[in-house]
Amino acid sequence: MEIPINVLVFYLVALVVVGSACIVAFSRNIVHSAFSLLGTFGGVAALYVFLGADFVAAVQVLIYVGGILVLILFAVMLTHRISDIQITNRTVGRIPGLAAGAVFLGILVYAIAGTDWAKAKEVAFEPTTAVIGNLFLGDYLLPFQIAAVVLLVALIGAITLSRKEIKE
Amino acid sequence: MAEYVALLADVGLKHYLVVSGILFALGIYIVLTRRNAISILLGVELILNSAGLNYVAFSHFSTGQVDGQIYTVFIIMLAASEAAIGLAIVLAIYQLFATIDVEATETLKD
Amino acid sequence: MTEHVLSYMVFFPLAGMLIVLCLPRDRHDLIRWVSAAATVPPLLLGIGLYVNFDTTTTGMQFVQRAAWIPAFNIEYYVGVDGLSVSMVLLTALLSFLCIFASWNIDKGVKGYFALFLLLDTGMTGVFVALDFVLFYVFWEVMLLPMYFLIGIWGGPRKEYAAIKFFLYTLLGSVLMLVAILALYFYSEPNTFDMTKLMDRSNLYSTEPLGMWPFNVWGWGFQHVVWMALFIGFAIKIPAFPFHTWLPDAHVEAPTAISVILAGILLKMGTYGILRINYPMLPEATADLAFWFLAALGAWNIVYGGLCAMAQTDMKKLVAYSSVSHMGYVMLGMAAFNTQGINGAVLQMFNHGTITAMLFLLVGVIYDRAHHRDIDGFGGLAGIMPVYAGFTALAFFASMGLPGLSGFVSEVLVLLGAWPKYHALTIIAALGIVITAGYMLWMMQRVYLGPPNEKYRDLPEINGREIFTLFPLGVIVVVVGVYPRVVLDLLQASLNNINQMVISHLS
Amino acid sequence: MDHPVQTDFLRWIVLFPLLGAAVNGLLGARIQDRWGERAVALVACAPVSLSFLFSLWAFGRLLALPAKERFLIDAFYTWIPMGSFSVDVAFWVDPLSAIMILVVSGIGGLIHFYSIGYMHGDRSLWRYFAYLNLFTFSMLLLVTGDNLLLMFVGWEGVGLCSWALIGFWYHDHTNTRAGNKAFIVNRIGDFGFVLGIFLLYWTLAGQGHGTLAFREIQEHVGLLADIQLWGIGVATLVTFLLFIGATGKSAQIPLYVWLPDAMQGPTPVSALIHAATMVTAGVYMIARLNELFSAAPATLGLIAVIGAATALFAATIAVTQNDIKRVLAYSTISQLGYMFLAMGVAAYTAGVFHLLTHAFFKACLFLGSGSIIHAMQGEQDMRQMGGLRKAMPATFWTFTIGVLAIAGTPFLAGFFSKDAILWQAWASHNEVLWGVAVFVAGLTAFYMFRQFFMVFFGECRADHHVRDHLHESPKIMTWPLWILAAGSVVVGYIGLPPFMGANLLDGWLDPVIHLPHGEHHSVAEEVGVMSVSIAAAVAGVAIAWFLYYLRTPSRDDSPEAKGVAYRVLYNKYYVDEVYQFVFVGGTLLLARIGAAFDRYIIDTIVDGSAKVTTIVSWFNGLFDKYVVDMLVNAVANVTFAVGNNFRRVQTGNINSYLYVVVGAVVVALIVKLRYWN
């Protein structure tokens, strides 16, 4: 039986995503966790591409990989002395946590498998950037503006929070 | 056997959903078990990613429209601001307590 | 004017709250006086209400109604009858007095008084609302400030108490909401108008439901709704076994809040049963009254009394005595005769005044000694004679000594309960012995005996405290000697409510 | 009976003392500070005197009426109008209550005056007089109230005042404990009393005559005849319940225990409340409702037995007591037993007669003992006394009259009344009860003379410090004694036995007390019975003479050295200890169980169910702690951890929150998948 190449690629990418997520979850070293996140984010971006969401994939790479991840790494470095990196990723209650996660996953898979999902008439692969751009400035203008404001607020908030208290 | 192989080979909506479900569960696991504030943020990122993946998958397979992708963009935006604010809080806490273990910072409730 | 009088009573405190919110936060005295001023008009209007109240009619008086959300037939609809007017008066009086009892709050003064006034609005609103949605809104408006007032201005375990209070009452509210919705959807045409639902009392099916366990018990839709409402109200009363929030909340709450809690909030439970369960679900009331009102009431009396006896904290003792005394209300209303039901509501009124006094008195001593340990005092009567005099009055009223108000209501309740429930009345009458036991014992340990050297210089009760206690003392005596001042208000309406159920008694 | 005379002055008999109490209670402290004790005393004594005058007026009004129509009523206002149930505040004076108001306001007044001397120098005299006035008010209300509920008001009111006065010197916990005991024991009686009221009201209401007014109850007693509840006649049940109330108030078995302890109060109080007036309330109540009680022979039998038993029981205890007031207290219980014996054999008049004479001589004795205690500077132990007759002649002579009267010396008051009871017991064929009563008469003579000899004869055994200051009491204390002593002599002549002359009391009470027609008995039989009781009394006096006059009692005569029987009697048959253990201990145990149930069971459930929302957190805690520690500390740990975990709901612990969220989502999903599709 012949397996199409795109299927193989999908599984490969999915493996990368899940595997690196597992490292994120189970690593004792927070730096490893943080770096593994890169694999997850990248993998998800790849999945986006498979799903024909080129714009989203680009955004994912730009913001997640380029922004958030760097931010996290900075935070890790700022809050830990390099020397004690090993012991900083404490985990408590692994077993109940695992149980909860497993139960949750089980139910999710059960739901996913058992549901008769709606199907689109045709599955199209077209460039979406223009469409999305139009929608942002059309139907979704208001959320878009609000998002801008939220980002601004987040920016200011982050600065306010992280700057040193001025002693009075 | 062949049925299963065929099922595996015919990559469709459910496959993506399962991947996203696994991400979600791992995220949940992280948030449930980690005591390190930054780790918890990592878990949240995983969860957000899984949600985004879901949106895009649905948009591709179920609706055929791009609305889902737009939501994903919003989610990413939210994730960015959340990370910024969250990490800023973590830094602030670190300055105050010299640790970011969430158990050590319980005095917040008073 | 008469048309809006109830609305004024409800919303004056709210207006006061808005003004308080606009005041600068460090002008403490200004805030206090503004709050006091905001509770005066309701009190004066309440007196006007009392004077102009028509005691011969059973219908709603001083009615005001206006469309609110027409889509769902929701109205702003307020009015009073004999049942609610007594409670409205009590609310107006206690709110006024409690402002003065709160005078020495000095932490977060602005927030405290603002919340207190909001609470006042909520409480008055509950008693006058005649539309279910309005009723529910006021009910919640009342709960929230209470949560914060306990949780922020409370004692050492305030969070625990506040959370417990909130969880309990939230559970009650949820059940109540479900029941209200059920009442709404099964009425034809759908209405939230309480008076309409009361008039058509056979609206709800009593056909036993097929579902387990209701098929075993023979409960119909009406019974289930009754039960949901009852649990909601029983938590407020508080009936065994939903009573344990009360001692904790009382112990942690500041004095004035304890007074409000015991004086008014507890009444909402029994008020709700009489206002909603009795007229709207009469068959279920008739079927379930024995176990859930009469037996539970008698049990409350004895159990609360015994628990009170074991307490070492004065406030806890008084709190458990409330549990005991509210049992009389339940027993009385389950008697389904004139004496019982009137006695029950009179007991609600009397308990409101007497327990308010008790809590104020405990507050007085707590302010001075900063503890409430019963065994930690002794001989206070010699040190603070005026204070001890007021205490004796309140204690004896609580014990149901003839000539004071508690006696009249307790006798009416027990008298009313006797023909229907012999055994339960005998059990409940044991309460008079138990009450005397714990009250006298506490009196002996705290007020009598050799004066405690530690507290020899405790200052006598001051003018402000006397000002809060005196009106209550006068009411206690007057109602005891001439109970008609309250009874005349109640009779017509209560007998009407009673009649609605009697025809369904088997 | 149908047309009582309407008046409007009876209310003042009752209200004057209330007024006095109000003035002294509210302003007394200032009055005493500014104008001294005399002003306070005036405020207290004036209203009681006025009450007495008004009582005399009422008595005169009654006398002026034809014998069969001697009823006055003063309807004040409607107290509780409640459907068919309506209670008036109305005052009712008929021949029976006329006697009582005279006794209460008369003897009460004397005791008020006496108190001026006795309580001289007490800083809170105003309080004392306020209580005393309030007591007089309550007692008058009790006897004049025209219905059972109003009587109950007085009934409770006197209990309250008794409580306040027993614990008057509240700095000592012995006193406050005694007060509480009195109040609570009385409350147990009241428990029966109110139930009796309810049962009576509803039974009559069932017959269409729901009422609590005495005259209507008497009128409709016949309606109760064939009605039963729980297989017992309602009349029997009602009277039984009311009698429970009477045992509490009038100190009968089993509720007598409070009275001896009540002697902790000031002595005039013991005289007024615990001898002359309040404790006779039960007797009065039975006489008031005599038709009802006559309709319940079973209860009457019980009352007779209880009465006789109490008389015997208390008399035996009195024999060994050394405290001068305790002897009198037990003697009071014993005499009350006589009264109940009289009630039990349906000799209501004889009972009321004994009530009346007893009020005089027992008040006289108590006030006399007060005078002695006053002189002995508070000493109450008779072993420390002796030879007081020279130092205090007035007290000695009045006390002698009192002792003679109570011991049944012929031609003094106690003789006639006690004999009337004994005779009625005999005549109603209760020979056993009669025998007991005669024996008790002998015992009474014995212990009273024992006291008499110990106190007044022999050498003074007090230390010289006290001995040097022995003195007669002031005039204000002795002249009430003389009046009471005179009363103890003459009052008996209103109730002469039939063969000695006309019985005024029988005739006077005839309109209210309906005696069954007795059989005719010969004079010889009467005289014979009478001489037996005289013989018993003489024997008692003789034994006392030998034991306590010829042999001087020792100063530190310890009961421990005596035989077992003596110790049992001295310790009052250990009844107090048994009650303390069984009832007080039992109640407290129940109380603790209840409180523990609340704290450990209900609260655990509550906290636990709050915690169920944090399922996994609980799981976590369980895993961490309980599996390891298991059973050893399980109980303690559960309680602790419950609270602890509950606290965690708002610890700010993000993980815990998440467990809740996850749990909720899982549940929601399951519900959705399982039940909604």
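To keep things simple, chains are lettered A, B, C and D as they appear, and every chain counts its residues starting from 1.
One rule holds for everything that comes next: contacts are C-beta pairs under 8 Å (C-beta built on N, C-alpha and C of every residue); 3 or more make two chains touch, one makes a residue touch a chain.
The shown structure was predicted, so the numbers you read here are calculated from the model rather than taken from an experiment.
Colleague: Based on which chains touch which, give the shortest step count from chain A to chain D.
Modeller: Minimum number of steps from chain A to chain D: 1.
Colleague: If you check the contacts of chain B and chain C, which chains show up for both?
Modeller: D
Colleague: What chain is most central when centres are computed from CA atoms?
Modeller: Smallest offset from the overall C-alpha mean is found for C.
Colleague: Go ahead and note the Å separation of the Cα centroids belonging to chain C and chain D.
Modeller: 36
Colleague: Using mean CA coordinates as chain centres, what's the chain A-chain C distance in Å?
Modeller: Comparing mean C-alpha positions, chain C is 55 Å from chain A.
Colleague: With centres defined as the mean C-alpha position, give me the chain B-chain D separation in Å.
Modeller: For chain B versus chain D, the centre distance works out to 80 Å.
Colleague: How many Å are there between the centre of chain A and the centre of chain B, using C-alpha atoms for each centre?
Modeller: A distance of 6 Å separates the two centres.
Colleague: Can you pull out the residues of chain C that are in contact with at least two other chains?
Modeller: none
Colleague: Where does chain B touch two or more other chains at once, residue-wise?
Modeller: If we look for residues of chain B contacting two or more partner chains, we find 28, 32-35.
Colleague: What residues in chain A touch two or more of the other chains?
Modeller: Residues 92-93, 96, 100, 104, 108.
Colleague: Among all the chains shown, which pairs meet the touch rule set out at the top?
Modeller: A-B, A-D, B-D, C-D
Colleague: Which of the residues in chain D come into contact with chain B in the complex?
Modeller: On the chain D side, the touching residues are 616, 650-655, 658-659, 662.
Colleague: Across the complex, what residues on chain D touch chain A?
Modeller: Residues 616, 619-620, 623, 655, 659, 662-663, 665-666, 669-670, 673.
Colleague: Give every residue of chain C touching chain D within the complex, in rising order.
Modeller: Result: residues 159-160, 163-164, 167-168, 241, 243-245, 247, 303, 306-311, 337-339, 342-343, 379, 381-382, 385, 389, 396, 401-403, 407-408, 411-412, 414-415, 418-419, 422, 425-426, 429-430, 432-434, 436-438, 440-441, 444, 447-451, 482-484, 487, 491, 495 of chain C touch chain D.
Colleague: Quick check: in the complex, which residue numbers of chain A touch chain B?
Modeller: 1, 3-4, 6-7, 10, 14, 17-18, 21-22, 24-25, 30, 33-34, 37, 40-41, 44, 47-48, 51-53, 55-56, 59-60, 63-64, 67-68, 71-72, 74-76, 78-79, 88-94, 96-98, 100-102, 104-105, 108-109, 112-113, 117-124, 128, 131-132, 135-136, 140, 143, 147, 150-151, 153-155, 157-162, 164-165
Colleague: For a test of understanding, state which residues of chain B touch chain A in their complex under the given definition.
Modeller: Of all residues in chain B, those touching chain A are 2, 5, 8-9, 11, 13-19, 21-30, 32-36, 38-39, 41-43, 45-46, 49, 52-53, 56-57, 59-64, 66-67, 69-70, 72-74, 76-85, 87-92, 94-95, 100-101.
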